Amino acid sequence: MAFPSSRGERPGPVPRGIDCFGRRFGMWAMADWSFTKQGPGGRISPLCLSPWGLFVMPSLDPVILFFILGVVAGLSRSDLRLPAPIHDFLSMVLLLAIGLKGGVALSQQPLGEVVPQVIAVGLMGGLMPLLAFPVLYRLGHLPRADAASVAAHYGSVSVGTYAVAAAFLAHHDVTFEDHMPVFVAVLEIPAIVVGILLARGLEKGTRWGRMAQEVFLGRGLVLLIGGLLIGLGAGPEGVAPIKPLFFDLFKGVLALFLLDMGLIAAGHLGDLRRHGVFLLGFGLVMPLVGATIGATLGSALGLSVGGVALLSTMAASASYIAVPAAFRMIVPEANPALSLGASLGVTFPFNILLGVPLYYQLALQVHAFMEAL
Amino acid sequence: MTTHSFHRRRLVTIITEATLEGAILADIDALGPSGYTVTEARGKGSRGIQSGSWGLASNLRIEIVCDETLAPKIAATVHQKYASNYGMVIYVSDVEVLRADRY
Amino acid sequence: MTTHSFHRRRLVTIITEATLEGAILADIDALGPSGYTVTEARGKGSRGIQSGSWGLASNLRIEIVCDETLAPKIAATVHQKYASNYGMVIYVSDVEVLRADRY
Amino acid sequence: MTTHSFHRRRLVTIITEATLEGAILADIDALGPSGYTVTEARGKGSRGIQSGSWGLASNLRIEIVCDETLAPKIAATVHQKYASNYGMVIYVSDVEVLRADRY
Amino acid sequence: MAFPSSRGERPGPVPRGIDCFGRRFGMWAMADWSFTKQGPGGRISPLCLSPWGLFVMPSLDPVILFFILGVVAGLSRSDLRLPAPIHDFLSMVLLLAIGLKGGVALSQQPLGEVVPQVIAVGLMGGLMPLLAFPVLYRLGHLPRADAASVAAHYGSVSVGTYAVAAAFLAHHDVTFEDHMPVFVAVLEIPAIVVGILLARGLEKGTRWGRMAQEVFLGRGLVLLIGGLLIGLGAGPEGVAPIKPLFFDLFKGVLALFLLDMGLIAAGHLGDLRRHGVFLLGFGLVMPLVGATIGATLGSALGLSVGGVALLSTMAASASYIAVPAAFRMIVPEANPALSLGASLGVTFPFNILLGVPLYYQLALQVHAFMEAL
Amino acid sequence: MAFPSSRGERPGPVPRGIDCFGRRFGMWAMADWSFTKQGPGGRISPLCLSPWGLFVMPSLDPVILFFILGVVAGLSRSDLRLPAPIHDFLSMVLLLAIGLKGGVALSQQPLGEVVPQVIAVGLMGGLMPLLAFPVLYRLGHLPRADAASVAAHYGSVSVGTYAVAAAFLAHHDVTFEDHMPVFVAVLEIPAIVVGILLARGLEKGTRWGRMAQEVFLGRGLVLLIGGLLIGLGAGPEGVAPIKPLFFDLFKGVLALFLLDMGLIAAGHLGDLRRHGVFLLGFGLVMPLVGATIGATLGSALGLSVGGVALLSTMAASASYIAVPAAFRMIVPEANPALSLGASLGVTFPFNILLGVPLYYQLALQVHAFMEAL
């Protein structure tokens, strides 16, 4: 039972696609998941899919298939369930691994180059809730606290979506800047602060000390920044002995995590039914807006195509760890079912199933456009 | 075996969201009971299902044995501070303890 | 702090096999209580030891706060449907709650 | 549905250190109740915080439904043997059960 | 502290057996665990064992030693215990890994060849309870529900036993058809259906919809079939990035799982004492009958020696996940202590300690016999 | 995002230290963590550290950084917490892995050579509590039971500290005898027996059977000795298939375990405040005494420099698994907050942050001295 370690040597007659039936569906529903190999940064040409190909989706990243398995099991009321301690364990390994990677990258880079990018990305994170809030508050008629909360979720970032996007790029041999995880950590915070300001204003009652504690000492950020600092301190040589756990197992751990997130997301689809189509629409459109902003900023900062695609994905993604935890404590009157329904029930599935390849296409376009200038 | 006499005390049980743990335990502690006990829980209520599958969807079940004066104080304080914004069930019952001096 | 008055309700506690979870919670729900709380448990009884080391050997502890009419109904329904074939302990007790309208 | 009548029994609840599990359950068993139920717990008391983060810092919550004679016996035996050296809370309350013959 | 990654280069004077003392015991009690290397499919010649060899059993597969450690710790009342979430995690990884392997194999194979085998194996799974039931009901005087339940357990399959047998064959460099895990999934179901029919007859009261849900949506089957579909969809190339978790760690995870199963099996030995020797005898003889049926069918289907040994092992094994869960819900008057006592307390230990090598010998014999025809 | 698998090829300008600012601090606070590579057993020459180096401590082993992360998160009241089942899982893997390594080593070694060492090390474990007890009882005025308990903790050994020391030596390419884990298992027991005798005397009431059960069947020792026996039985060839889990992941698992121990240790710092400076002093001085005894014995037994360093570390370390569990049951009037406060709150952090490199220096000195004789 041998598994070729290199992906290039797939033997035999699969995919068997000849007649190009289903090409149109393939273009949209699977976007770029079903594309053939290509060199870094180049344009991927769509593959002609057979009906069989349509069914098994031969080049859909298997971690996505784990997510779909989770959603299907959840919706069909299987008793499949990952114990909470395992959920915590898996997300802990993911957060530390992403942090470590970013930290190792930082350890080999002049800080001077990264600092301006960090500031720009942080500003983007703070401005996005200001963009989303009026839409939610005026157009969606959400209560102020809820509008602020949802806006903060979308200004922040989803680590799971980031991991899927990074895996997608690696799968297609698209390189990106090694320090991208730094932006994940940076994006967590400003949207929370701005969101709380939107909910509360600058009223005296706000306990900023308490807020800082909730935001900075939340387990997600502690693991992400802790991993960053450890990677920074240890460097590539230092982290080598822990590479088998944190890097070699990364995609396997991500697969199990997405299986669990599929089960959890299935449980949040019901939330949406209760809160109407506005949130559904917002959960589909806001990522596209965010992706465009992220791609533009990434290009302006001079990132590579892969880096632009990742920043675009981060901007398109919505938090479901740090922001809900912080808002639950600081703006408790905001209904978590609303924000999690949108972020977990709509945007997360949309992003990892369709968004990621889309944002990569977007990155290619924006990059080409910027270069043409 | 020596005979032991039992003393009436009150048991306050609070079921609420796990995210509240730090805050609510500090508040309970500040009211001065001799201790508390926490178990992990899940459940269903007016705010929907808490499946227990991850932190945000988990509940806690907090028990405090205390005297007749403190019990309503704990129940009322916690209720007033949290019940409007968080999933929460509070109930109080009679229990008997061996050591009168401890609660 | 405003004074709160307490209202008498009943607490039904059911200890049974974890495999029953889906079925028994649906049955309880159908009887209309405002909610329920579940914790993981293990134990020993007439059917031997439930060590808690895996699903088939685990118990659940289910609590339902409800009014005086519903409590015996839940206890009797669950007892009748499951007690002959499944490990099961049911007991009912008095509790006091703050919000009369909720249970 | 047939009507069921309830029978008064006693519920003994013991909260103590998880390291005691083997010993204390054997002692309880020896006193002859029809069973017991155990849940994992953490908490705070006179001996400080039991955070539940590993075995030595974890508590157990043990429940025994039994009759009026056995309840004080269990409470007193366990108290006498363990309470001076181990973190321990014991309380007893009234419950009603359906099957009079079982406890 | 170096561990040779290839198994062939074991240095030094181990095994030190010269005098052939203990050969008789070695022939039976350890069967083939203590045999030397050989080529795929060939006959393994028994190795002459020294007393030291008898004690430490130098070539007993270490995963079996973990099981023995668990049994010993359980029987001696050690406080060793694996937390339930870890049990769930380990079995989840095993089920997914076995499914993935089978799915990848299927993705490279014309389905036409597999379908007839699937049907034949499914029929075997449905017929075996019909064979076992009268023995249990008439000879063993078990209540109807219990006889049906035990029969269903033995018509179904134990994933843990399958994993040990696959590891045994790999250890001895015996190859087998890559799609064997498909049969594991196939065997789970028919025995449950037949078992329920045996318990209930075709009476009207049976809620078949509910039954289908319990059977098909049980977490074991969802993970196994989910893994199969993911492996089928992703192919060898697609699963490569999750290989480190699901395949490289497989035997380590199996070792920990068997440690836990040892602890659990130790707890079920007491069940047997209570239910007399009939079940003990059934738990020892039924696997031999099943193994013979499985080996014969495997040979008739044209499987390789390794494939025959695996199908034989599956037929010999008894379920302790899917069947007890389904019967607990659908035929609740069946006493789980009876069926688990037999399947976990007797058959599982018997199979992984003695059965697996025996069934391999059986496969060799049957294969040779069929070829001689 | 590539990580060089060999540690020697660290690229670029790190560490950038030129001016030797901070050398004095580096000499003490980081002891030998910040030293450059060297051949096995040779003397490591200190590296000149830049202020940046001081901050990120470029060659501090990353597993130590995980411990520091845990302590910092714990002290700053982050909500980071590892679920108890994960704690159990991680320590189970560590204990089994250490046992397996020792067992494999034993399987390739004439037992005759190891037996005298085992006896000598066991005697050391039994004598150390006799040394510590009078200090605690007379000087520290601890109650008899507490003095006996703390003494037993320090006569026994910390598996986590052993693992860190082994990792430190491997990191610096210092070899050591493969059977060192045997001494870890050996050291667990005698100190417990002597400690109980110190607490109870030879009074009639002591239930020695019960005691033996608590001591020998504690989960820590069962896993360690179980692992040893499995490694012994399977040999290097046999354990090869479980190597990816138990050996390749070892340092990653150790990193997560130390993160958790950091969180736990942070919780025990408060214990110390309550019990005064005597325990703090004892927790810092006793390891140094133990280390000297261990180094001397190791040298006398003819161990290599690495072996001497490890035995020295074991002697310096204090138990926080086996001993507290046994004393909790057998001498329950001993206050666990006292002994865990010293062993987890003081000695464990001291040993893994400063002690390990110090004991290696000690081993070099003692070895040189012995050779000069």
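Each chain gets a letter, A, B, C, D, E and F, in the order it is written, and its residues are counted from 1.
One rule holds for everything that comes next: a residue touches a chain if its C-beta (ideal position, glycine included) is under 8 Å from a C-beta of that chain, and two chains touch if they have at least 3 such contacts.
Predicted, not measured: the structure shown is a model, and the values here were computed from it.
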item: Which of C-D and C-E has more C-beta contact pairs; value: C-D
item: Rotation angle (°) superposing Cα atoms of chain B on chain D, nearest 5; value: 120
item: Interface numbering overlap (same over half, different under half) for chain B and chain C; value: different
item: Inter-chain centre distance, chain A versus chain F - centres from mean C-alpha coordinates, in Å; value: 40
item: Centroid distance [mean C-alpha coordinates] between chain B and chain A, Å; value: 38
item: Whole-Å gap between the CA centroids of chain C and chain F; value: 47
item: For chain A, residues contacting two or more additional chains; value: 77, 79, 81-85, 88-89, 170, 244, 249
item: Touching two or more other chains - residue numbers and ranges from chain C; value: 39-40, 52, 93-94
item: Touch list for chain C against partner chain B, complex; value: 1-4, 6, 9, 11, 25, 29, 34-40, 65, 93-99, 102
item: Residue numbers on chain C that touch chain D, as the complex places them; value: 13, 15, 39-46, 52, 59, 61, 72-73, 75-77, 79-80, 83, 89-94
item: List of chain B residues in touch with chain A within their complex; value: 17, 19-20, 23, 40, 47-49, 51-58, 82, 84-86
item: Contacting residues of chain A [partner chain B, same complex]; value: 81-82, 84, 87-88, 260, 263-264, 267, 271, 324-325, 328-329, 332-333, 336-337, 340
item: Residues of chain F defined as touching chain A within the complex; value: 1, 3-12, 14, 56-63, 65-66, 69, 73, 76-86, 89, 167, 170-171, 244, 248-249, 251-253, 255-256
